[in-house]
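What follows is a pair of complexes built around chain A, which joins chain B in one and chain C in the other.
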Partner chain A sequence: MTSEAIRNEWYPVALASQLGPEGRDTRLLGEPIRVDWAAQGRPRVRAADGREMATRLRYGHIWACPGTPSRELFDIPEADQPGRRLVDVGVVRVKCSPLRAVENFLDIAHFPFVHTDILGAEPHTEVGKYDVAIREEVDEVWATKVHFYQPQAAKSAAGGITTEYMYRVPAPTVSILYKTCPPRPGEWDVITLFVQPLEENLCEVWPWMALFDDETPMTDLIHFQQTIFLQDRSILENQLPRLLPLDPGMEIPTRADLTSVAYRRWLKRRGYTYGAQLVAA
Partner chain B sequence: MAAERFIIRGDLGAATFLPWVRRHMGKLGLTGELGQSGEALVELRVEGPPDLIDALEMGVSLGPIEAWVESIERAPLNSL
Partner chain C sequence: MILYDYVLSPDCYKVRLLAALTGAKITLRAVDFHPGAEHRKPEFLKINPAGTIPVMEEDGLVLTDSSAILTYVAAKAGPEWLGDDDARMRARVAQWLAFAQRLSASIGKARTHDMLQKPADIDACRAGGIQCLREIEAALVEQDILGARFLAGDRPTLADIACFPHSMLAPDGGISVDAYPAIRLWTRRIRALPGFVEMPGIHRLHDLKPEPAKA
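Here is the complex of A and B:
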């Protein structure tokens, strides 16, 4: 039985555009659930005993809270900004802890080694100093002023540029990346990772994007993001320990890991342990 | 080499906390000693390469699962 701190969070459980009238049988926090459409196009999510969960339809996905929501679903104001293209990337199933999937998304240092010649390239491997904070007023993790050289930062980028990033964790299994938008200086492209925890060591990952890009065909945008995530999957599925340690364990975190450390501290403070390894001291 | 004093604040009453800090210092190859310690505050004096002292701060900020480190205040020391 999972704790209230875990059950009272929001989780993505389906991509609305791909949910047909037959519905979808899936799992959430180790329990079977059913996602379908009720009357008037209202999304419905039910536990195995028939109990209906709180649901939301937002950011192209259906969200469910198995307990009593501790707060409203987080806001992404850019989702309603005119001129952005909203991209449903689809789903990737990964045999890893849902928290590992989020942590990997927050890790910039792996770009040159895993996403070689796309999101990074040697010898540009150094991660400069950046700021990380748990913003108490919204209870979210934020990393800002992150700069990194990228050979091809986005599908719309013609060549290498130094990209600025911001990372945001508004819920334990959600990460949002804001990055320099080459065709629209002053704006940020938004790339999210919505993670559905099926089990403690199995998840489905739903990337979603809100971009200023009028030219790139939708299939290319989707393919670009899927390529990036499939490169991550092989790393994620071989990471040890499989669960995310909430203490440093055998690891020696360095400055480049500041965001990961803040994320783990935030999880620990919230008592969020689904997919976490609680190492005996 | 650098020498610093850490003032660690938080919920530090777990019996595992101080041994964990000593072990983590050893893992990083740092030397030093624990000063005054209580359930809410622990003082630590540490000596070693600056990058590894930074790594100690990051490790201790996570700490063992039984403890909660709220903040770490650092100040340079002339010598231990």
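Here is the complex of A and C:
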């Protein structure tokens, strides 16, 4: 049995638009669960013993809390903003720790090497100084003022531009990226990574987006994001150690890894150890 | 030439790769294979009743088999890729194009199973995939003894394009490629070809780029 700190979080367990009447048998935190529709289009998530979990239908996905929710599902106000296109990217299974998947999403330094000519390009490899904070009032990790040179930041971008980012971790297996929106200066495109932990070293990842883009066909938006994430997948499956180390010593961070350092600290202090490893001091 | 395309499909990638290597002009039409399953919908089934991708369309010609599409693109834009130097080379190319079906049915299925949860007998797919990789490895070693660096001869042909993607993407389906040094060298040769393009899981050779300090 996993600890309360782990069981009381919200987890994505299905994509609403893809959940048919047959339901979905899947796993959460190492235990089998069943996701289906109850009466009146209400999502239902049950454990193996038939016990129903708290559920939410939000951001295109069905969310479940296997324990007692310690707080309401996090808010993404932009999701309700008129004019945004909501993109269900679909699930991808990855043989890695769910925390590794989130941490990789927070990293900028790998862009030129893994997402070459899309999100980054050599020799523009430097990650400039940015701000990181654990915002105590909301208990979230935030990285702001992140700037990076990108050859093709968006479909509409002609030539390279410097893109500004903000990163947010509102729950241990969720990361939200806010990114300069070329067609709407002043607004942010929202790109998320919702991670369902199946096991400590196996997860299903549901990218989802809320964008201002009236031009690009939906399938192209899906394929753009799938391309990016599948470039990451082969890297994630080869990362060692498999479980994310929450104590220093196993890996040496650099200044570019400040977000990752804050994320690991935040996980440790809330006792979130599913998919993590602690090194004896 | 319109290619009904999915970015993560190795069989679609073969066509994009050959087009890039030969300079063929193709128009991509993205198919929402995952999560939308557009290839199973009535509108797509009218184009290809088998419900598979890739599909190529040009002036009333509809091709639904990736080997046929590769043959068509090569015949139009790069006939040397057909491997017609002599009877033996031509036959070898035909044989590897057929062999590529076995790769799709083993490694390809293991990959969509592991990545996108498509149904498959995963143990059988992995065993079949390992058998295929062993055969490619053996063939490449024999070719090397004969002084040839590619599958059908001493220059790249459709045989290489057809077998290269799945050979590199095998780890996506839980099949290690660590045991095959000849495959590793061969895939590096293909990735070094002028005009090479990548797909997720198949990276370009960063070491061929100029060193940053000299760029």
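To be clear about the criterion, the second predicted complex is superposed on the first by the 281 of 281 C-alpha atoms of A that agree within 3 Å, B and C clash if a C-alpha of one lies under 4 Å from a C-alpha of the other, contacts with A are read in each partner's own complex, and residues count from 1 in each chain.
Keep this in mind: a contact is a pair of C-beta atoms (placed from the backbone, for glycine too) under 8 Å apart; a residue touches a chain by one contact, two chains touch by 3 or more.
Just so it is clear, the model here is predicted, and its values are computed rather than measured.
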Exercise for the section: Would you sort A:Lys268 into first (chain B), second (chain C), both or neither based on which partner it touches? Expected result: first
Exercise for the section: Identify the partner contact of A:Arg255: answer first if only chain B is touched, second if only chain C is, both if each is, neither if none is. Expected result: first
Exercise for the section: Name the contact category of A:Gln81: first (chain B only), second (chain C only), both, or neither. Expected result: neither
Practice task
Applying the touch criterion given at the start, work out whether A:Asp247 contacts chain B, chain C, both or neither, answering first, second, both or neither.
Solution key: first
Exercise for the section: Could you look at A:Leu278 and tell me whether it touches chain B, chain C, both or neither (first, second, both, neither)? Expected result: first
Exercise for the section: Using the touch definition from the top, say if A:Thr162 reaches chain B (first), chain C (second), both or neither. Expected result: neither
Fill in the blank from the handout: Between chain B and chain C, more residues of chain A are touched by C
Practice task
Name the contact category of A:Ser3: first (chain B only), second (chain C only), both, or neither.
Solution key: neither
Exercise for the section: Could you tell me if A:Arg233 is touching chain B, chain C, both of them or neither one (first, second, both, neither)? Expected result: second
Handout entry: Footprint overlap on chain A, comparing chain B with chain C
Key = none
Handout entry: List of chain B residues in touch with chain A within their complex
Key = 14, 16-17, 19-20, 24, 27-28, 51, 54-55, 58-59, 61-66, 68
Handout entry: Of chain A, residues touching chain B in the complex
Key = 246-248, 252-255, 257-258, 261, 264-265, 268-269, 278-281
Problem - Residues of chain A touching chain C in the complex - result: 15, 17-18, 88-93, 95, 113-114, 116, 122-123, 125, 217-220, 222-223, 226-227, 229-231, 233-234, 237
Handout entry: chain A contact footprint on chain C (complex, rising order)
Key = 6-8, 30-32, 34-36, 38, 114-117, 171-172, 174, 198-201, 203-204, 206, 209, 212, 215
